[in-house]
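A, B, C and D are the chain letters, set down in written order, and residue numbers restart from 1 in every chain.
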Amino acid sequence: MSITPYLTLAAILFCIGLYGALSKKNAIIVLLSIELMLNAVNLNLIAFAKYGPKPGLAGQIFSLFNITVAAAEVAVGIAILINLYRNRGTTDVTDMDTMKR
Amino acid sequence: MEALRLQLSDLQHLIPELTLIVTALLAALLDLALPRKVSRSFSAWLTLLGIVVAICFTALELNPEEPIQLLAQSYRIDDFASLLKLVILVGTGLVVFMSLGSAARDDIHHVGEYYYLFLPAALGGMIMASSGDLITLYVGLELLSITSYVLVAMKKKSTESNEGAFKYIVLGGISSAIILYGMSFLYGISGSTNLLAINSALAGSIDDVKGLVYLAFFLLLAGFGFKIAAAPFHTWAPDVYQGAPTPVTAFLAVVSKGAGFAILFRVMYWVFGSLTLMGTDLQKDALLSLSVLAAISMIAGNAMALRQHNVKRLLAYSGIANAGYLLVPIATHFSLVHYANYSEFLFYLIAYLFMNIGAFAVLMIVQRSSGNEELRGFAGLYYRARGRPQRPCCSSFRWPASRSRRDFSESCSSSWARCRRNSIGSAR
Amino acid sequence: MLDRLIGFLSSGENLVFFVFSLVAICGAIFMISLTRVVHMVMALALTFLSLGGIYITLGAEFVGWVQVLIYAGAITILMIFGIMMTRHRGEAETEPQRPWHNGLLLVGAIVLFGILFYVIQNATITPQSAPVDPKDNTLQIGQLLFNQYVIPFEIMSVLLTVAFIGAIVVAKREED
Amino acid sequence: MANDFTSYAWLVPLFPLLAFLVLIAAGRQLREAGAYISIVAMLASFVLALLIFFERLGHTTDYTWNQLKWLTIGDFQLNMGFEVTNLNALMLVIVTLVSLLVNIYSKGYMHGDERVNVFFSYIQLFSFAMLGLVISVNVLELYIFWELVGVCSFLLVGFWYFKPEARAAAKKAFIVTRVGDVGLFLGMLLLFWYMPGHSLDFSAIHNAFSQGKIDPSIATWIAILVFVGAMGKSGQFPLHTWLPDAMEGPTPISALIHAATMVAAGVYLVARTMDIFQASPDAMLVVAYVGGFTAIFAATIGTAQNDIKRVLAYSTVSQLGYMMMALGLGAATAGIFHLFTHAFFKALLFLGAGSVIHAVHTQDIREMGGLAGKMKITAWTFAIGALALSGIVPLSGFWSKDAILSAAFEHNQLLFWVGLIAAFFTAFYMARLFFLVFAGKPRSDAHAHESPAPFTFPLVVLAVLAVIAGFVFTPFNGWLGHWLGDHAEAETANWTVMILSTLAGLLGIGLGYVMYGKNSVSRDIVAGNAPWLYTLVYRKYYIDELYDVVFVRGLRLIGKAFELFDIYIVDGIVRLCSAAVVGIGRLGLRLQNGQVQTYGLATLLGLLILALALAGRRFFHLG
C-alpha cells in the first residue's frame, strides 16, 4: 500500500479542522478543531514513519510529543476560556471583539 | 545508538538552561510553601537572580573553540545561539525588572507565578535558539508559546486580557498546527528530524518531491511569520499586545519575537538556504519569499501605525514593521564571502530590544499617570515630566540612529546590495 | 473505477484503512454540521478513535494507544468538562451569518486542499528500505526517548508543569 | 624669494567672509556699525593684497599651495588651495581697492535703507567669492566661486525686490549667466576627461597645453566652451542682455559687480586659461571676433539710450568686448591692462552717476542738465572718467585702448577698424552723456547739490587712479608686460595707431559737443532722417525681443507642458503614493475588527496568495 491515501486523508482532516476553527462560533469547538488539525499532522508523521524514505521511529516520537503538547495547550485554552466565561458570560467567539482598530 | 546518549559531561553545556529550570522549580515550591501573607516580591528577585546567573553561564560559553553539539546535532551551542540566549535573557530580565511593583497595581492576582513563569518562557526561547532538530525546536517553541498564553491571561479580572489570551491561543494553536504540518512534510521528505540531515536530503534529490518541499516551506513560512508577527500573518499582534499586561507585551514584542527569529533563522538557513543548496531554484524562491514578506511587513506595519491612537497597538504595528526590517538580513543572499548574515540581524535585534523595552517602560509610567493607553496621554509630557521625555525620544530615535551607525549602515547597505543582486539574478 | 476500488479493498490493510478513514472523515464533517456542542465533541471523539486505529495498522501501537487514551479519553473529557463549566443548557447552536467570511473561508479551505491534493498526488516517495515492523514498538520508543530525545523529553516535563500551573492559576476562582 | 605675505594670501578672502558671517549673525542690531565692519574688513584685505602685490613686484614664479584634500575618487585626488601669480596679485589689488571704495561709497548711498546690513553682508559675500575666484588653484575651485559670485550678483541686483523690474532683472541676470555657466561646466568636464592625470590645476593645464599634450581639436572645444562661460559672465554678445537690465540694482553694486569686478571675471578666466586658447587658433579667432563685434555693437546701442546707468552699462559691455578682442588677438597683457584701467574709470563713472542720481532722483538723462555748477566734484571726476574712457591722452584709458588697437593693427586690420569705430562711438556717447547731464540748463526743478564726503572721497581716489593708472604700461614703459610674463608684447610706439585713436576720440567728443553741448546740429538728425535706424539702435537691435520670441516663448511652452506633467503625472504619483499608504493603513485597520476568526482567515488567505504567487509561477510554469 502506498502512502498517498494516508496523506490525502490527513489533508482532508487538516482542511476540515481549519474550516472548523475559523467558522464555528463556540470557543470549545474552535479549540477542538485545532486538535483535529494536530491529529492530521500526527497521521502524516506516522504514515511517513512507515512508508517514508527512511522508515523509523522518529515520526512516531514526534507525534508523541505533539500529542503531549496538544494536551497541554488544550488545558491552558480551556482554563482561559473558563476565566473568560466568568468575566463575560459567553463562549461565543464572535462576541470577543472588545478590542478593535 | 550508543553514541546518541547524553553523557554526564555534556550537562555542563546545559548549565544555563538547568539554572532556569532549577530557579523556576524553587520559586514554584517556595510560592506554594510560604504563607499568603508573605509578599511575593521575593519571587521577582529570585527570578532575576536566576536570570543573572544564567546570563553569566551563557557568557562563559561564548566564543567556543568549535561549536558544541549534543545528540547528533540536535542541540547546538554556537555563537549565534549564545548571543541570542543573551538577548533573550537580558530582555526577560529587563521585563521582570520593569514589572517589579507594577504587577500588584495591574491587578495581577498571582504575582508569584507571574514572575517565575517568565523563566520557562525564556527557557523555551533558549531551546529554540540552540536546537538543530525539529522536535527540540517544536518543543521549545511550544514551551515559549504556552507560557506566553498564560502570561497574557494573567490580568484575570480584565476582559481584554482574557480575550487577548484566547485570541492568542486560538491563532497560536492554528499556527503551531501549520508549522507542524510543514515539519511533517520535511520529515517525510528526508526521513529525519535533524535539520542538517533534511538539508542534505533536499540537496540530494528534490525533483520527485519538489511540491512537498515548497509546500513545507510555505507552511513553515506562514507559521514562523505568525510567531514573529510579520504581515500578512500579523493580525493577532495588536489585540494581544493591547490585552496583555504591559510588561508581558514588552516580553512578546522583544523576547518572543527574537526567539521566533532564531527559529526562522535556523530553519531557513540550515534547511533551505545553506551552502549545499546554493544557487538552486529552491533557495532563490525561498529568499525571494522572505524578501516579499519583509517588504509587506514594513509597508503594512508602518502604514497601519499611522492611523493608530492606542499606544500599545501602535507599538504592535511598529513591531510588525520591525519584523520586516529584521527579515531583511535573513532574506538576503549570502555567499562564501559573506556567510554570516546573522551579525547584522543580531545587531538590529539588540538595538530593537533596548529601544522597545525603553518605550514600554515609558508607556507604563504614562499609563499609570494618565490612566489610559491612548496616544493623547503623551501630550505635553515635556512639560509634565521634564527629564523623562528624553527616554521615549531616545528609544524611538534609536531606530534611525542605529541604522545610521557606521557598521550597521554598512552591513545594511551590503544587505541591500545583495538583496538587489539577488532580485536581479532571479529576474534573469 | 469500481474494479480498482474492489482491488483496493480486497487487501486487509486497505479495507481497515478505508473503514477507519471513512469514520474519521464522517466524524469531522459531523463536527462541522451538528448543532449541539456535546454532539460535536462526541463526533470528533469518533474521529480521534478511528485515527488511533489507523495508527495501529501503521505499526505504531504505542502511539495508537496514546491517541486513544489522550485524545479520545482525556481531551474529549476535558472539552465536555469545559462545556459543563461554561454552558448550562445544551441548546442548539445557531451559527453566525457571515456570508463574506464563510464564503472566503470555504474558498480558502478548498484552495488549500486543492494545493495539498495536487502536491501529494504528484509526489513520489520511494522508501530506501522496506517498511520495518518492529517487534517491540514500545520498548524502542522508550529507549529513543531516554537517549536521543532526552532533551526535548525533559523540556516537555517543564512544559507540562508550566501548563499545569498556568491552567490552575488562570482557571482558579478568585476569592475577592 | 620671500613669500612672507604671499603665503597668507588665503587671508584676503577670509576677512570679507568673517565680516559676512558677523553681519548675517548680528543682523539688524548692528545698525550703522555694519558699514564700518565692512569697511574695516575690506581695508584689511586691501592692505594685505597691497603687501602681496609689492612683495611680488620682483618675482615671476608663482606661489602655489594646494594641500587641502577635497575629493578622492579612485586614484584621482582633487586638492584645493590657493595660488598667487602676478596676474592674481594684480587682480587682488583691483578687487579689494574697488570693493573698499564701493563700501565707503555705499555707506553714504545706502544710508537710511532698512536692510543696509543685509546689503553690506551681500557685498562682503561677493568680495569673498570674487577674491576666492581670483586665487583659486584649480578650475573646479574657480567654478565654485564663479557660481557663488553669480548668486551674489543675483541677490544684489534683486536687492530692492519690491520693484518688479529688479526682480525680473535679477532672474534674467541669473538665468542668462547660467547659460554661459553650462558651457564652462561642460568645458571643465572635457578638461577633466582629457587632462593627463585628470588634473584641473591651472599649473597642470599650463604645462599640458603649452607642451601640446592635448589634441588641438579637443583644445578648440574646451576653449570655446570655457569662452561660453566667460561670455555669460562678461556680457559678450549674444549673452550680453542681462547686464544692462542688471542696472536695476543699487548703483554701488553696478560699479562694483557690473563694471569693475565680476564682469571682468570672464576676461580673467580667459586670461588665466590662455594656454588652452593659444593651443587653438580657431578659438582665438572666435574670441577676437566676438569681442570685436560686442565692442562696436554695444557702443552703437549706447548712443541712443536715455538712462544714465544703461548708457554706462552698454559702455561696459563694449569695453569688455575690447578686452576679449585683445585676448583673442593674443595680446593678453593689453587685455588685462584694459581691465585694470577700466576697473577704475568705469567704477568712477558709475559712482559719479550714483552721485547724480542721488542728487536728482532720476536716471533719465533727458531730465538732467546743468549739474556741473551744483556738483563740482562729481562733474570734474565724471569728466575725468569720461575722458579716460574716450581714450584721451594721457589718461589711463588712452594707453590701454592704444595697446589693444596696436595689437589689432598688427594682427588683424579688420578688427583694428572695428575697434577704432567703436572708440569713436564710445567718445560720442560719453560726450552726449556728459553734456546732457552736466552742461546746459536744468531740465527739471530738482534742487541738486553736491553729495557728502562718503560719495566724493571714492570719486576723487578713483579719478586720480583713472589719470595715472595708465602709466604702468605704455609704449615707452613695458613694465606690466614683463611683470605679467608676456614677452611677446610689442613695446615700440605705434604712432599711426596713437594718432588715429586720438582722432577718433576727439571726433566723437566733438560731434557730441556739437550736437548736445552747443545744440548747433539737430539731435534728431538721425531720428529724423532714418527713423528706422534710430529705432533699431534705441531698441537695442531687438535682441531682447528676438530672445523673447525664440527662447522665452518656446521655453515657456515647454515649461507649460512640463508643468502639466508635473501637476498630473508627478504630483499624481505622489498623491497616489500617499493615498496608497493611507489606503493600506485603512484597509489593514479594517481587518482588525476584533474577530479572531477574521484574523485566522486573513492568515490563511495571505498564505495561499503568497504561495500561489511565489511558488506557483515556478510550479505551473506561468512565467
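What we mean here is this: contacts are C-beta pairs under 8 Å (C-beta built on N, C-alpha and C of every residue); 3 or more make two chains touch, one makes a residue touch a chain.
A quick note: this is a predicted structure, and the numbers were derived from the prediction, not measured.
Between B-C and C-D, more C-beta contact pairs join the chains of B-C.
Centres computed as Cα averages put chain B at a distance of 29 Å from chain C. Chain C and chain D have CA centres that are 89 Å apart. Mean C-alpha positions place chain A and chain D at a centre distance of 83 Å.
For the pair chain A and chain B, the distance between mean C-alpha positions equals 23 Å.
Of all residues in chain C, those that touch two or more other chains are 101, 105, 109, 112, 115-116, 120, 125-126, 128, 149, 152, 156, 159, 162-163, 166-167, 170. Counting partner chains per residue, chain D has residues 589, 592, 594-598, 600-601, 604-605, 611 touching two or more of them.
Annotation for chain A: residues touching 2 or more other chains are 3, 7, 14, 17-18, 21-23, 27, 30-31, 47, 52-56, 58, 61, 65, 69, 72-73, 76, 79-81, 83, 93-94, 96, 98-101. Contacts between chains leave no pair untouched here, as each chain touches all the others. Considering their complex, residues 1, 3-9, 11-20, 22-29, 31-33, 35-36, 39, 42-43, 46-47, 49-58, 60-61, 63-65, 67-76, 78-83, 85-86, 91, 94 of chain A touch chain C. Those residues of chain D whose C-beta lies close enough to touch chain C in the complex are 595, 597-598, 601, 604-605, 608, 611-612. By the touch rule above, chain B contacts chain C in their complex via residues 1, 4-6, 14, 21, 24-25, 28, 70-72, 74-75, 109-110, 113, 117, 120, 123-124, 127, 133, 135-136, 138-140, 142-143, 146-147, 149-150, 153-154, 156-157, 165, 188-189, 191, 208-209, 211-212, 214-215. Only residues 11, 13-14, 17, 21, 24-25, 28-29, 31-32, 37, 40-41, 44, 47-48, 51, 54-55, 58-60, 62-63, 66-67, 70-71, 74-75, 78-79, 81-83, 85-87, 93, 95-96, 98, 101-102, 105-106, 109-110, 112-113, 116-117, 120-121, 125-132, 134, 137, 140-141, 144-145, 149, 152, 156, 159-160, 162-164, 166-168, 170-171, 173 of chain C touch chain A when the two sit together in their complex. The touching residues of chain A, counted against chain B in their complex, run 3, 7, 14, 17-18, 21, 27, 30-31, 34, 37-38, 40-41, 44-45, 47-48, 52-56, 58-59, 61-62, 65-66, 69, 72-73, 76-77, 79-81, 83-84, 87-88, 93, 96, 98-101.
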